[in-house]
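Each structure below appears as structure tokens.
Each of the two complexes below includes subunit A, the first together with subunit B, the second together with subunit C.
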Partner chain A sequence: MTLKPETIQMELKEKLIASYMAFEDRSDTSDHVHNIRKEAIQNFEQKGFPTKKEEEWKYTSLNALLKTDYSVFPKNENSIEFKDVKKYFIHEIDSFKLVFIDGVYSSYLSETTHDGMDICLMSAALSKPKYKMVIDSFYNKIADNSESLSSLNTAFASEGAYIVIPKGKVVSKPIQILNFATGNEAALMLMPRNLIVVGENAHVQIIERHQSLSENEVLTNSVTEIFANKRAIVDYYKIQNDMLSASLIDHTYISQKQESRCTVHTFSFGGKLTRNNLNFYHEGEHIDSTLKGVTIIGDHQHVDQHTLVAHNHPNCESHQDYKGIFSEQSTGVFNGKIIVKKEAQKTNAFQQNNNILTGDKASINTKPQLEIFADDVKCSHGCTIGQLDKKALFYLRSRGIPEKEAKALLMYAFAHNVLDTVKIPEIQKRINKIIASKLGVQLGFDL
Partner chain B sequence: MNKYTEIELKKELETKEYAYGFYTDIESDTFAVGLNEGIVRAISLKKNEPEWMTDWRLEAFRAWEKMIEPEWANVQYVKPNFQNISYYSSPKKKPEYNSLDEVDPELLDTFKRLGISLDEQKILSGVAVDVVMDSTSVATTYKKTLAEKGIIFCSISEAIQEHPELVKKYLGTVVPQRDNFYAALNSAVFSDGSFCYIPKGIRCPMELSTYFRINQAGTGQFERTLVIADEGSYVSYLEGCTAPSRDENQLHAAVVELIAMDDAEIKYSTVQNWFPGDKEGKGGVYNFVTKRGLCEKRAKISWTQVETGSAITWKYPSCILKGDDSIGEFYSIAVTNNYQQADTGTKMIHLGKNTRSTIISKGISAGNSQNSYRGLVQISPRAENARNFSQCDSLLMGNSCGAHTFPYIEAKNKTAQIEHEATTSKIGEDQVFYCNQRGIPTEKAISLIVNGFTREVLNKLPMEFAVEAQKLLEISLEGSVG
Partner chain C sequence: MLQVKNLHASVEGKEILKGIDLAIKAGEVHAIMGPNGSGKSTLSSVIAGHDAFQVTEGQILFEGKDIGELAPEERAHKGIFLSFQYPVEIPGVSVTNFIKTAINEIRKANGQEDMPANEMLTLIKRKAELLEIDRKFLSRSLNEGFSGGEKKRNEIFQMAMLEPKLAILDETDSGLDIDALRVVANGVNKLKNSGNAILLITHYQRLLDYIIPDFVHVLIDGKIVKSGEKELAYELEEKGYDWVKAEN
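Let's turn to the complex of A and B:
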């Protein structure tokens, strides 16, 4: 007997609610965070998992994922050797590191600091009184509380990165946040929760990665809240090149104050199902937001890039550029929404989504959406779906470049302007390597 | 005096009353309000329909009863009470005229005021006009000329009587009874509409045209149009509407079905100027229309629309490109002012190989209106080498209005080539300045710019209609269009 999708979802939902109760028993119920959790689980209980009937989930079905019997809290503490996971770090550069293994902090692999800034743990921040002020004023303030998966994360959130950069501080080296899943559990659901507060004129670079180390199923439901104060600069890189057994639902909420600049690069190459919800909220004038992404997938992979830029104030700019290459039976989704409020005159919003389909059974669904209430704005979006230029391919081949390499070159060129804005050369190199291996070629020069 | 600014234009737009808002008093034969099986049967009986037609209506009615009103569109309105509408009304005097002299002079006067007097139409443009005044055909002209070519152009009720085999074969094949809430309602209670059949290889010698008018207080109008172009034929069909000013909301749920067989071409043009409500947003027509065309091999369907009226517009003329090498086109101008709301666009469903589609949509919003483009381009796995180009541009006048685009693009074939682009802008100060500098007054300059903005679409309208379209644009955006 096969179960109906609703029944499957119900089972997992009930299990999660039961797990929450067990979790509640263990935790301190007197504090402020407890109320937030309680409200969140109630909201999740009410809404349940999103279905394809909802407009925001029209093209992405979670049914296949929700069949699995996930455990939320791993039974044992697991450890891993650095040499086994070295390749997942951008190890060529010096950096702060926050490493979590099956959702538990690994002090052995990490490198934190309290020297003039806080690069440490969410669990510490949630429990220690000295962080209370920051937690009270920022924690769960921009995460969408009406969204059921964000709520689910909020209910269970207990660990993750806590990064507070004070006014005027330029962080000397990038911060890497790594979430490993060891696969010691048959199926694991992770709920990392990150809070990043960047003060006036401060500058920070962050690299985030989720990595599964075995064939066992992992579902990560992650929430990151980023607050960029006046003139702050935030550079965020998401490298998603996970195993085919791992799935990721990521929610990133960014609130920007005046003249701040935030850039998020999303590189989606791996995973069974990846859903990126990237939300930008403008809270001042002269803000610059940049959203860039490259998706190169094959097999039965599914990547859904969901963006929202809410222009609430005048004289702001946003740039979006997403490229996708879909082979075999993969499916891609791009849903970009730009909202320009009545007050947000002189907004300049730009959105671009280009896709190449190379697989016979690959498909792409795209929905670039504009909602504009102000008249003195420049907004445009462009979207294309096509193939490689036959003439360009012929040109390369006529000069002795084999077809496979020629195709790879053209695809690399197609994705290239997303890489242009990456400020850490080591990341560029790493991404180039991943792209080359994804396209199955060894290019004769260092891309 | 040369100080006409955008602000003044806005003011003028806001104060502009619906120029065609008058009401013709013709005695009508109207049903009591409400909808049930009995009413559906009564409509069918009244129209003396065969049994299969009654059954077809009842089937639709039963489906409709189980359906719920769609809410996904980006419009807000008070939902009509379907039990508070009279589903049938027709002018009492039986319309059997051989010449215009016999037509009710009051009716003729109505048309004169609209600038579409039958005389004029007949003499100047050679258009055969099937005038629908409320629900029953009032006059049909040029029937003879068409009959010589074997073209059938009549009201749908006449077609049910005289060509039941054609109606039975094609009615509901493109828009099934249970397609959506409003299509189901229309299928159950449609009062009249037009039927057109072009035989094999015939090129229709004139533009076929129907003028729709909503005239009876409190009657929804449910038009049903069926156009069949047989193999290798060509027809250009015009549809235009105006409605008198009225306080209570009028519901209009039409269904249009086009069938283009192998190598046939249908050009369907619409100018819609129903009462949009007054400047407080009171009253106005609810326009929930289902329009769809089916293309067989190498066929072409082209939709052109100029939407200036209605309080709420909910309309997506679509093309199902079933046959290989078929072509679908959609050209639209949607103008909203005051509190009007429009959610309009198209669907291009590519099923056959080498199918091509073009979408050009121009939205202009002023006042407190909301204008949305909603479109779907779908490439099925079998549609090799499908090609689509979409462009939707919005022009905003004032900062209380909104322009939205919701394009859905779904590609399931790797040979598909799709391009979509959208822009939103306002009338540039530098553009106006440039014109001023060359001695063109601001009013004229704005008119030039709006004209230029909509030109691509206006060009697609047949000559006779382009004049009317211009006229209607004037009403909606008076002062800006020359």
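Let's turn to the complex of A and C:
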């Protein structure tokens, strides 16, 4: 008997709701968080999983993923050795580390701090009274509660990164958030939840990665809320190079106050299905938001970059630059929404999405969505879909560089300017290496 | 070294080269002159192996072997170099890294090890001096934001680095001011020896004041209509291409 997609989703949905009852019974959070969860599960119950009938999900289908019978809580506590996972860290540099294994914090692999700032655990923040004020003011304040998958995360969220950087603090080293899935469960659904509050004039760099360690299926439904106070600088890197058995639905919400600068780089190379929802909300003037992405995928991989920049105030800027290279039968989506409110005069909003298709069966759906209600603004958008420049290819080959390497060099060059703004050299190096290996070549120079 | 025999080539079904014969020996400099649209650049692209052009008849022999079926990179590995009229911009790849990659790919194809780093550095330094190229220039992205003159100088720098047996210089003089032209021509002259050959493709006689050809060929409408020694270039400059057309 084959089940209709609605029936399959129904099954997983019912299972999740049942799991929620059990989960909430044994949780020890405040009434505040409890109420947030209760509302969230109700919202999820009402809306269910998104389907292709919804405009925002027109080109990304979750049907195949939702057939799996995921467990939400791993049966056993799992551990891993650092040497086995070292390569997934940016290990060349000193950093704070928040490491989670199958959703459970690993103190052994982590390096946290409470010295003048909090780089620690969401589970502690949600249960201990001393964090109550921050949780009450910030937790679940910008996550979109009308969106069913964010709600699903909110209902189950109990662990993740809790980062609070006080006024004027420049964090001396980057913070790495790593979520490992061991695959000891047949199929696992993870709901990491991060809260990052950056004080006035504070400066922080964060690297986030989700990594599966086996071929068992993993579906991560992640939510991150970031608050950048006045003149704060937040530099965020998402490195997505997971196994083909792993899928990620990420929701990152960023609220920026005046003169703050936030940059998010999203490097999407791996995973079966990746959906990045990246939302910026401006809550002041002279804000700068930068969204950059490189997607290089093949096989049957699917990456969907969904961005939103809400220009709510005058004199702010946003810069979006996404590059995609799609080979074999991979599919991509870019949906970039820019809203410029009536009062947001003198807005500068730029958006660029360029794609190269190298496979006959590869495809990309790209959709700029500009909703501009102010009259004195500079907004531009552009998208291109093309193949590699034949003249350039001939130029390189005429210098003795074989076709495969020449193509790789051109693709590298194509993706390159997105890397210009990466401020941590080790990340730049790492990404260059991943790009070279994705393109199947050893580029003959130090990357 | 190079023998082109009755070469016919077309692009998208349109015949551009209509039976070219050309023989270049080691140590020689040949110039091909002709008006716009006569097929000069097509000839250089076909010799270098551009697959947009179909060779419909005839042969290209390099050191006695038919290279008609070889890929552009294989021709480069054998020692053919084409200096482009319009070099392509490659952001993110520095001049140095690009030339290192090219040199080592050619060495690999010829069964040699990669060039040791210190040897490479010395070579780069020496050749950069030859073409009066600033070191900073070498760390810039290949051709990106280069002026016309810088692009051409960079082409000849690559030629100097790769030391090809046959260098085809396609309109190398275009976009060069007189000082840059002198530097580039001087570089080419210093690279010339009894073991290599140069094929100059040019519209004007100007370049030939600096790089003196042994032979000059006039290409009109896909055919070499007249060949002679360097004096032919002066005659052309004086009388124009119509003079040759009228003769034929």
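One rule holds for everything that comes next: the second predicted complex is superposed on the first by the 445 of 447 C-alpha atoms of A that agree within 3 Å, B and C clash if a C-alpha of one lies under 4 Å from a C-alpha of the other, contacts with A are read in each partner's own complex, and residues count from 1 in each chain.
Definition applied: contacts are C-beta pairs under 8 Å (C-beta built on N, C-alpha and C of every residue); 3 or more make two chains touch, one makes a residue touch a chain.
Quick caveat, the model's predicted, so the values are computed rather than measured.
When the two structures are aligned on the shared chain, A:Y237 is found in touch with neither subunit B nor subunit C.
When the two complexes are overlaid on their common chain A, residue A:H416 makes contact with subunit C while staying clear of subunit B. Judged by the touch definition given at the top, the superposed model places A:R399 against subunit C, while subunit B stays out of reach.
Of the two partner chains placed by the overlay, neither subunit B nor subunit C lies in contact with A:Y131.
Touch criterion not met for A:F156: it reaches neither subunit B nor subunit C. The larger set of touched subunit A residues comes from B, when the choice is between subunit B and subunit C.
In the overlay built on the shared chain, the residue A:K390 is in contact with subunit C alone; subunit B does not reach it. Once the two complexes are laid over each other on the shared chain, residue contacts for A:T358 go to subunit B alone; subunit C is not touched.
When the two structures are aligned on the shared chain, A:F267 is found in touch with neither subunit B nor subunit C. By the touch criterion given at the top, residues 389-392, 394-403, 405-406, 409-410, 412-413, 415-417, 419, 443-446 of subunit A touch subunit C in their complex. Across the complex, subunit A is touched by residues 72, 381, 394, 396-426 of subunit B. Contacts from subunit A toward subunit B in the complex involve residues 55, 342, 345, 355, 357-387. Those residues of subunit C that touch subunit A in the shared complex are 45, 48-52, 71-73, 75-77, 81-82, 84, 86-88, 90-93, 97-98, 100-106, 109, 114, 158, 162.
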